[in-house]
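Pasting in a structure now, in structure tokens, and then I'll have a few things to ask.
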Amino acid sequence: MSLNEWVLDGLIMFTLVVLAVRVLYTRDLFKSVFLFIVFGLIMALAWVRLKAPDIALAEAAIGAGLTGVLLLDAARHFNRPRPVPHPKD
Amino acid sequence: MPSPQKVTDQLKAPSSLLLGLACAGIALFLIAALIELPDEALGLTELSKQHMDESGVEHPVTAVLLNFRAYDTWLEVGVLLMAVMGMLLFQRRSDLRDIERMPAPDPVLNWLIQLLFPMMVLVSGYLLWMGKFSSGGAFQAGVVLGAGGVLLWLAGHPSVSGFSGRLFRFLLTVGFGSFLLVAFYNVLLSQAILDYPVAYAGTIILIIEAAATISIAVTVAALIIGLQPVIRDRDRTPLEPH
Amino acid sequence: MTNVFSIGLGLLGSLFFLAGTFGLLRFPDTLSRLHALTKADNLGLGLIALSLAIYNGSPAVAVKLFAIWLLAMLAGTTNCYLLGRNTLQKQQQQESAS
Amino acid sequence: MSEFFIGIALFLLVNIVAGLVRIIRGPSLGDRMLALQLFGTTGVAILLLLAESFSEPPLRDVALVFALLAVLAMVAYVKLVGPESDERHARREESA
């Protein structure tokens, strides 16, 4: 492996760990969600470097598309104040 | 029903110590298992390579997933089906017809989905077809197609909630069902449950994969769209014919 | 000769990405950052794809790279429109609230 | 030559890591969304570069899927989180 590849792998690993820690320890739910989406992107690169394009493909499809939508929706539900029961009900 | 706060309070008690101990135990066990691994991997790589020409496909991953260990994939499709059934049960509905509709798309979004959705269908089919030769396959293709469905719904296209309940349930189960049909046929001929004849293996795999793709797509889209609140019957607008 | 071309285009493309990142980090508000990013989206990726297509030489690969670039541009433009409108709506909401 | 492409990929990855500051700082959700959009495009470029330098054509498919699904998060953000969704929510409350 060339020096470039070593640095690339090292940076991917380092970023993944930092992102994972920050996703867990961030108070703001939306910030966590965004960090998690970036985590998915870097994870896809890690799968590429592990010579697993199949998993990278699945990670790209799920991480870039669907988890983002799902988690954004979930974070919005947590952030919005609970609906007060309407007097008519 | 205890509030979330109470649940966390209860967890703080000795049970969290127990949980920690259990986690540490599992971690130790995993580390021990890693150390105990034999030096020379006796993996099945060689075995699957030897039988590649009987699998009907040219990509080792697809061969393993849909031929050598097809029951594994079958059960995974089953797990997805169970997940969507659980969601529908929880929300007491049997289809997505009464789901809340997004406002109709503005011109730019409309233009976008008119271009992008057909492309998603195309790429999904491409990934499905490529599974035979290289990376790709039912799962990836299904997720891309499902993402297309979610995009249509987000943009306010009425087609997603326009599915009839019967068609929706058919599409949900067609992947699991096609595996079941092959298994049933093989049991009748008293063969191994998911053994394909070598001559037709490629075709059978493609058909099963296509069915699984559709099921996975509908499942994934339904899992996301189904989380939206139900419109109550009284303010439900009749569906326009589309 | 082709190598010189693709090295030049690759360097130019990465320069646009650098500019995009700079804009993202240094510009003062959302809308001006939006303005910086469109360059990285359209030109950076386009130049890198062109560089790779020239180096690879195969027409099939070139077509695929071109398709990916078109898709990224489609996504980039609509994303910018959506986000720009969203930001404006938010500003109007805040103004009418205050 | 493939070393050159890996070098550029590395440079682009450094760009992503630097851009993370915008995700963490914000201040608004729109800014974070914007950073995500840039990361998506950069990721596509990195994948294309790696596909060439390791001669692994399947990576172009990964890049294709990334480019295809880049809009999804943004449409979801605009429709589910932004002012539009607040309006929708208010309407639902009224009609209930």
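Going in written order, the chains are labelled A, B, C and D, and every chain counts its residues from 1.
The criterion applied here is as follows: a residue touches a chain if its C-beta (ideal position, glycine included) is under 8 Å from a C-beta of that chain, and two chains touch if they have at least 3 such contacts.
Predicted model only: the values in this text are computed from it and were never measured.
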item	value
Labels of chains that are neighbours to chain A and to chain B	D
C-D compared against B-C, more contacting pairs	C-D
Distance from the mean Cα position of chain D to that of chain C, given in whole angstrom	11
Whole-Å gap between the CA centroids of chain A and chain C	21
Approximate Å spacing (C-alpha centroids) for the pair chain B, chain C	32
Inter-centroid spacing, chain D versus chain B (mean Cα positions, whole Å)	24
Multi-chain contact sites of chain D, meaning residues that touch two or more partners	33, 35, 40, 57-58, 61-62, 64-65, 68-72, 75-77, 80, 84, 96
Overlap residues in chain A, where contacts from two or more other chains coincide	53-54, 56-57, 61, 65-66, 69, 73
Multi-chain contact residues (two or more partners), chain C	71, 74, 78, 82
Contact graph of the chains (line, ring, star, complete, other)	other
Each pair of chains that touches, named by its two labels	A-B, A-D, B-C, B-D, C-D
Residue ranges of chain D touching chain C (in the complex, touch as defined)	1, 4-5, 8, 11-12, 15, 18-19, 21-22, 28, 30-31, 33-35, 37-38, 40-42, 44-45, 48-49, 52, 57, 60, 63-64, 67-68, 70-71, 74-75, 77-78, 82-84, 86
Complex interface listing, chain B residues touching chain C	108-109, 112, 115-116, 119
Touching residues on chain A, where the partner in the complex is chain D	2, 4-5, 7-8, 11-12, 15, 19, 22, 30-31, 34-35, 37-38, 41-42, 44-45, 48, 51, 53-54, 56-57, 60-61, 64-66, 68-69, 72-73, 75-76, 80, 83, 86, 89
Touch list for chain D against partner chain A, complex	3, 6-7, 9-10, 13-14, 16-17, 20, 23-24, 26, 29, 32-33, 35-36, 39-40, 43, 46-47, 50, 56, 58-59, 61-62, 65-66, 69-70, 72-73, 76-77, 80-81, 85, 89, 93, 96
Chain B partner contacts - residues on chain A that touch it in the complex	53-54, 56-58, 61-62, 65-66, 69-70, 73
